Amino acid sequence: MEGLIGGIVVFVLAMYVGFEIITKVPPQLHTPLMSGGNAISGITVIGSILVAGQGGTSLAAILGTIAVAFAMVNVVGGYLVTDRMLGMFQRKEENR
Amino acid sequence: MRIGVPKERAPDERRVALVPETASRLIKTGLEVIVEAGAGEEAGYTDDAFREAGAAVAGAAAEVWGADVIVKVQAPTVEEAQGARSGSVVVTLLPPGRSPDEVRTLASQGVTTFSMDLIPRITRAQPMDALSSQSNIAGYKAVLLGAAVLPKLFPMLMTAAGTIAPARVFVIGAGVAGLQAIATARRLGAIVTAFDVRPAVKEQVESLGAKFLAIELAEGGEGEGGYAKELSEEAHRLEQELLREAVAGADVVITTALVPGRPAPKLITEAMVQGMHPASVIVDLAAPAGGNCELTVPGQEVVRHGVTIVGEVNLPATVATHSSQMYARNLASFLGTMVRDGELAIDLNDEILSAACVTHGGEVKGAAWKV
Amino acid sequence: MVGAIQLSYLLAAVLFITGLKRLTSPATARGGNTLSAIGMLIAIVATLLNQGILTFRLVIIGAVVGAAVGLWMARTIKMTAMPQMVGLLNGFGGGASLLVAGAEWLRAGSGSALPTETAVTIYVATLIGGVTLSGSIIAAGKLQELISGKPLLFPGQHYFNLLLVIGVVALSVALVVSPGQVPLFAALVGVALLLGILLVIPIGGADMPVVISLLNSYSGLAASTTGFVIGNHGLIITGALVGASGLILTQIMCRAMNRSLGNVLFGGFGATPAIATGDDKALAARGVRSITGEDAAMLLAYSRSVVVVPGYGLAVAQAQHQVRELAELLEKRGAEVKYAIHPVAGRMPGHMNVLLAEANVPYEQLWEMERINPDMERTEVVLVIGANDVVNPAARNTPSSPIYGMPIIDVDKSQHIIVMKRSMNPGFAGIGNELFYDTKTAMLFGDAKASLLTLIQEVKAA
Amino acid sequence: MRIGVPKERAPDERRVALVPETASRLIKTGLEVIVEAGAGEEAGYTDDAFREAGAAVAGAAAEVWGADVIVKVQAPTVEEAQGARSGSVVVTLLPPGRSPDEVRTLASQGVTTFSMDLIPRITRAQPMDALSSQSNIAGYKAVLLGAAVLPKLFPMLMTAAGTIAPARVFVIGAGVAGLQAIATARRLGAIVTAFDVRPAVKEQVESLGAKFLAIELAEGGEGEGGYAKELSEEAHRLEQELLREAVAGADVVITTALVPGRPAPKLITEAMVQGMHPASVIVDLAAPAGGNCELTVPGQEVVRHGVTIVGEVNLPATVATHSSQMYARNLASFLGTMVRDGELAIDLNDEILSAACVTHGGEVKGAAWKV
Amino acid sequence: MVGAIQLSYLLAAVLFITGLKRLTSPATARGGNTLSAIGMLIAIVATLLNQGILTFRLVIIGAVVGAAVGLWMARTIKMTAMPQMVGLLNGFGGGASLLVAGAEWLRAGSGSALPTETAVTIYVATLIGGVTLSGSIIAAGKLQELISGKPLLFPGQHYFNLLLVIGVVALSVALVVSPGQVPLFAALVGVALLLGILLVIPIGGADMPVVISLLNSYSGLAASTTGFVIGNHGLIITGALVGASGLILTQIMCRAMNRSLGNVLFGGFGATPAIATGDDKALAARGVRSITGEDAAMLLAYSRSVVVVPGYGLAVAQAQHQVRELAELLEKRGAEVKYAIHPVAGRMPGHMNVLLAEANVPYEQLWEMERINPDMERTEVVLVIGANDVVNPAARNTPSSPIYGMPIIDVDKSQHIIVMKRSMNPGFAGIGNELFYDTKTAMLFGDAKASLLTLIQEVKAA
Amino acid sequence: MEGLIGGIVVFVLAMYVGFEIITKVPPQLHTPLMSGGNAISGITVIGSILVAGQGGTSLAAILGTIAVAFAMVNVVGGYLVTDRMLGMFQRKEENR
């Protein structure tokens, strides 16, 4: 219970921070920002690792392994794609 | 097809119907242009400039009149008309009903005459609308004249030698000329008020930063059968009252009120003039149609009760370079409607041509001249 | 050690926060993304140091396979396919959450060994993960046009969705009451997946980016829930962060499309056309797209060629000074700004000249219609301010129109058109204007002066 | 103490030295004012207005000349001067060195004469600076005249009848008159360029939104002993070249270049005029000092090589209402320096009075008239 | 129960956050304060429900006495004495932190029963609490002028302070190594109190508000530390909140006084006079006060009568359109704006008229010098834009001055003066201007157009 | 240790929130905001209550009681003073 409460406190505070940091975004950055956020949401990789790290050959371990793979696709793909998008944008900016 | 540009012979007419730039445009479309020597001189266009544009310059007027289409600013005189070739076309400014003798002569000569004053005000005809282009210039110049005559400054100035109050300009009639007058007076720093019978122009006047003078109807004057007439009398009285006050408060009054084809309404009475400050000015743009002020003498600048009344009848001619340029553009657009592949092809069913036609096939066609 | 790991998660979270913040401005965005990636690396390394990890074999297998696939996808994808790529990646994230929840459930003796609150969190994670997975795949499919981009609706769909939600709750309750039933759990997963599909399928393809953003926010929440499941603060913080910022982004994107977030949250949009403000319900029928000042400003702030087309409305609004100021502002940001002056704009010859001269607009910036028309195609944004007839394509296309034959400024050839006027009322000629219904056109309703003031402020803030 | 305001008798002088508003101010400080009948008429100030302000109106000029202080616009004629009372004071506009006979007469009559043209340009004297107030008006009016004569429009207009290019105005000399000319031309929408030998005015010209024409010196022309003279010749050539180009490109040239107490520099040669477009205009505000243009005929409007050259010598008089008002204010401030408690108290040690004094105690004091 | 209490703290924290946020805008400030008070009530009630509380007797005694004193102070204090009141209250807060730390230390067997980390937190809490207590009292005393408002400095003060800090560290270490020594702890308390005094005493009275704000931030941190001591999340969150927001507020206040936060953090300021930007070091000597655009905007945004005095610099900057826009903006906010036109402002007669007419400033807003001078005393803010000679009091006061005798616009009679120019260079007459050194004057350096653009933007945002 | 870490996490997040929520403040509100923040910092009252609640007559209990009194002065005085200041401000606003 204590852990849950602590979790909730942290959750609420983090939500606050999340709400406050995003204010104005030029439309050109909507997609990159979405993509960047998506990459961060690949944080489930942590959970996946912990599960897969239990080892064994149980269904749980297999699921964990797939979870790690899925999450890594999200993380690696997410960051790289975001970077590619932003790279394009930067060149455009530099052209000015 | 050849276009002739005679020199204008009317006194004080400094404009010319075509300018080199427009001539060159027409020539590029395959037409020929012949210009009477010295035609553009007073407007600042030399014969050389016309030659450079590709036009021929003729020493004799007759040569020019031999062209297929004669373009003019002022209506041809009877004498000129008699020299016109049958079957030729004359395009000129010609206010409805004006110059009846000349029109009759043109008709009997078998000349097809179009009046640029009769271009219908449809969207497509805007580039041909000489009335607008010339009124526009007149509105501008009226303010300059007023400012030159007025012994006061237009703008407000706060200086070590005291503060100069801004001039008050009152514009009656907010058509094309009136609006440009408003804009010009505002540019010079005057406080501008305007009046027009058409309430729709209120917004237009305000869009130029001037105040619109609206008639406030007496309270409770609405409805009640048979009352309407009395109300309109009351409204008329109110209007007069309003004008009297506005005129009395103005340093410069610029009148542009016209009702197409009719003599200009007399809006400023002698009494109103008497009510003005000494050394005020009235510029009456309606002078060619008789003037909006009772005391206007068309063509003259008179002083009455200490007020200078400018009755100039041809203001656009005093800005001849630009008024010619714009008129020439209007003409060129108009010619476009009657020329196909470099040849004359007049289709009198065309909305614009039929409206502008004054004489054709030996007959007078223009309704205003038929009576 | 545990403390260090926890602090590493905190550090990662701080990096995510900073990264996200930087992602909102073009100048810092790329660096922000890198920061955030470093945060992720730290979080992963910290996790690997966790003593709870008994074997690295499976982890490495999964990680290598996943990383390789991610790398390949990111490398090979075409720029134009980015949105669907992001959607797909998001689906993977959601899938991972779903799988973790499932694995945890299985490990805890199919849920039997779990305290109620943890069990509930697992079911919530399962639901969100499942919806995110299937929803994202559908969204990506729609964008890739593998699935019809048109909104697919069937009668009673909303009721059916409601039924599914009830089903989820019922299954969860059943699982709490009598744990250990794998089929029930499988059913739960199935319903969640179905719900994801049904929530997205009725939405039009053009709205997919918003959907993906929302699903992204969901997947953040899923991660957070996972954090609760495995009692990990790092996950909770980061998930909440993505959840909240994703929600805000969704809202911003909605506003850009003139939608309420409620409209999005309840799904089933795309059925109402994208439309306007206030009372102009009638417009809706013809699908005029209205835009907020903020979004119009964003569009302007980042474009390199802008043409201003002033009309009578600019004079009525007496907004000449504001338009000059906006133009100067855009020029300072590197845009090229021209004014396209139609010969009969306004109500008297030279009306626009009088107006713009008053505001001190340099003569060189005033372009005649004939001179500017050839440039129109290369123009990024045209700002039509209180002009109507002079940009009405009917003058070209509709012989019966009273303005047929009048040359117009060919704003419809440009890439984006913003029209500022107060209503859908016609101009001087009293006729409708098809330009306003062009898909490239966005209407910025309101008095031109007020709208321009907003634009100025927003462009400054951009 | 009594102040006399005679009617101005010089031709075309429409101003009056005091206006009712200023008269009333002076009267409130305990002075008496006597005005010749009709003195303010042409400036728009009636005798009644003066009476209302508390001034006496005299039918005969002699009565007015009997006052303690006579205020005038133009220097008194020899005849008038002979009628002046010994010991009286005359304050008037009187450019240095001008009207030597009249000055001698005034001196011999024992009249103390002050010239408003000689007020020193110190801060305290700004409210008395008639040169500034009248130049200011002249600058404004010069543009209006130019615009009225030019057969073109000043502002740019894009219309259905084509685009009218804005007029190009070139102002030489950016003193008080020049700056006001720049401001007025800009108001009317012209593109304005200005030139002055004093580089300090560049900023002032630009502060009015006009372009300043700067002389670009040839590269490497700095330093090297003995080279300076050649450089200055080079600079002069460059200046001439620059002017030629600028004048040739202008529709209206307004010249205001003056060097105090000397004839105006001849800046525009006949060759430059020949290089101008036909129908261009030169308004030469330096005409009273001989003109900045070789072809200027002071007091006349002439056309040379197609260019209209306006040599008007008394522009402020054409804006008589306001120029009188400002001049009167200048005068009133000036009188303030020589009046203590309603009595004349001339202290010739006062910086301002000593500078402005032309005759006193039977002698000519003004340096410019002594030679 | 414990969960509920924790959640109550969270709720309280959320209320504090919302309350603080609302306190930053005039419209919502009062409501925000109420929200925050409600949060406090919730936190207190939740604490009273804590099972760790064995007796309410002492709590009630303390609470009643404290509340009564607080009530009495708040009721009787004069509006003018508010800042010192806040300082004093802040001191009480710091004192409470100090006392809690002391009590905890005593209860834990004079620190013997404490794990090292908790002990360290207690010493940190003691230090911060002590500094806050004594520092606040000194600050309040300075404001109340019980203590000289002048900065009191003695040679080597900074080194002595450094010594004290070292002393604190040494005492803490000693206490950690051999706990249970009350005299050492008492010494720690003493040094902390001394440090508080010495840190504040060298600072000028005018800077006290900044000091109080900083001490307030410290007391937040003290509360947070207390939270760590007693292991209470509610205290940690709230304390951190106050600590961070207080720091930001301090920074904002510093900027308003043109100070760097570093300058404040290192104490010992007040020795350098409050001065200017950039390279104008020489100005410092004569104590010109410069102001940022943001603060000038704030001043303007909330005043009800503004007089603009334009001069030649406005023309040079060609900022006529911007000044009109700013004036319109202020009018829209309810201020009365007039332009005071000096007869010889600019470089030609009527220069200002030409300029302002171009920007369409209505003639009615232009006031002649003679007409506006009598109003000057009632004017809240005068904005002098590129004018110099025409507002130079030397024309009234200095017979030897070349401009002596010229009537001027009496801007020095108004309540606040903002002067916009690029430097301290003289104007046309080439003489200095004492107006700029007036205590009521704030200089806004920079090109008038640029400065006005900033003002416009900031006023809009205010 | 776990508790300390949790505390630090919460602390950092709360600091973030604190930094983000205060952005622009009109000078007129500087003092009220400071005062409002000061009232909130009276949250030490919680700690004081917990200490004083231990009862007894030990020095600690006495200190705790004084702490409660001090903190209550801060809280009650702080909120009331802030409210008074803001009340004045509001009247000024309303006068417009």
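First chain written, first letter: the chains are A, B, C, D, E and F, and each begins at residue 1.
Keep in mind that, in the parts below, a contact is a pair of C-beta atoms (placed from the backbone, for glycine too) under 8 Å apart; a residue touches a chain by one contact, two chains touch by 3 or more.
Here the structure is a predicted model, which means the values were calculated and not measured.
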item: Any chain in contact with chain B as well as chain C; value: D, E
item: Of D-E and A-E, whichever chain pair has more C-beta contact pairs; value: D-E
item: Equivalent interface positions on chain C and chain E, same or different at half; value: same
item: Chain C-chain F separation of Cα centroids, rounded to whole Å; value: 40
item: Whole-Å separation of chain centres (CA-atom averages), chain A against chain D; value: 79
item: Centre distance in Å when chain A and chain C are each reduced to the mean of their C-alpha atoms; value: 18
item: Sites on chain A at which at least two other chains make contact; value: 1, 4, 6, 9-10, 12-14, 16-17, 21
item: Multi-chain contact sites of chain C, meaning residues that touch two or more partners; value: 13, 17, 233, 237, 343-344, 349-350, 354, 357-358, 360
item: Numbers and ranges of chain D residues touching at least 2 other chains; value: 126-127, 132-133, 136, 155, 157, 159-162, 164, 187, 189, 209
item: Touching pairs - complete list by chain label; value: A-C, A-E, A-F, B-C, B-D, B-E, C-D, C-E, C-F, D-E, E-F
item: Residues on chain E engaged by chain D in the complex (per definition of touch); value: 312, 315-316, 318, 343-344, 346-351, 354, 357-358, 389, 395, 402-406, 429
item: Chain E residues within the chain F interface of the complex; value: 13, 16-17, 19-21, 23-27, 29-30, 32-34, 36-37, 39-40, 43-44, 47-48, 50, 52-59, 61-63, 65-67, 69-71, 73-75, 77, 79, 82-83, 85-86, 89-90, 92-93, 95-97, 99-100, 102-104, 106-107, 117, 209, 212-213, 216-217, 219-220, 222-224, 226-249, 252-253, 256, 294-295, 298-299, 301-302, 304, 334, 461-462
item: Touching residues on chain F, where the partner in the complex is chain A; value: 6, 9-10, 13-14, 16-17, 20-21
item: Chain B contact footprint on chain E (complex, rising order); value: 341-344, 349-350, 352-354, 357, 360, 363, 366, 368
item: Chain B to chain E touching residues, read off their complex; value: 155-164, 166, 189, 191, 209
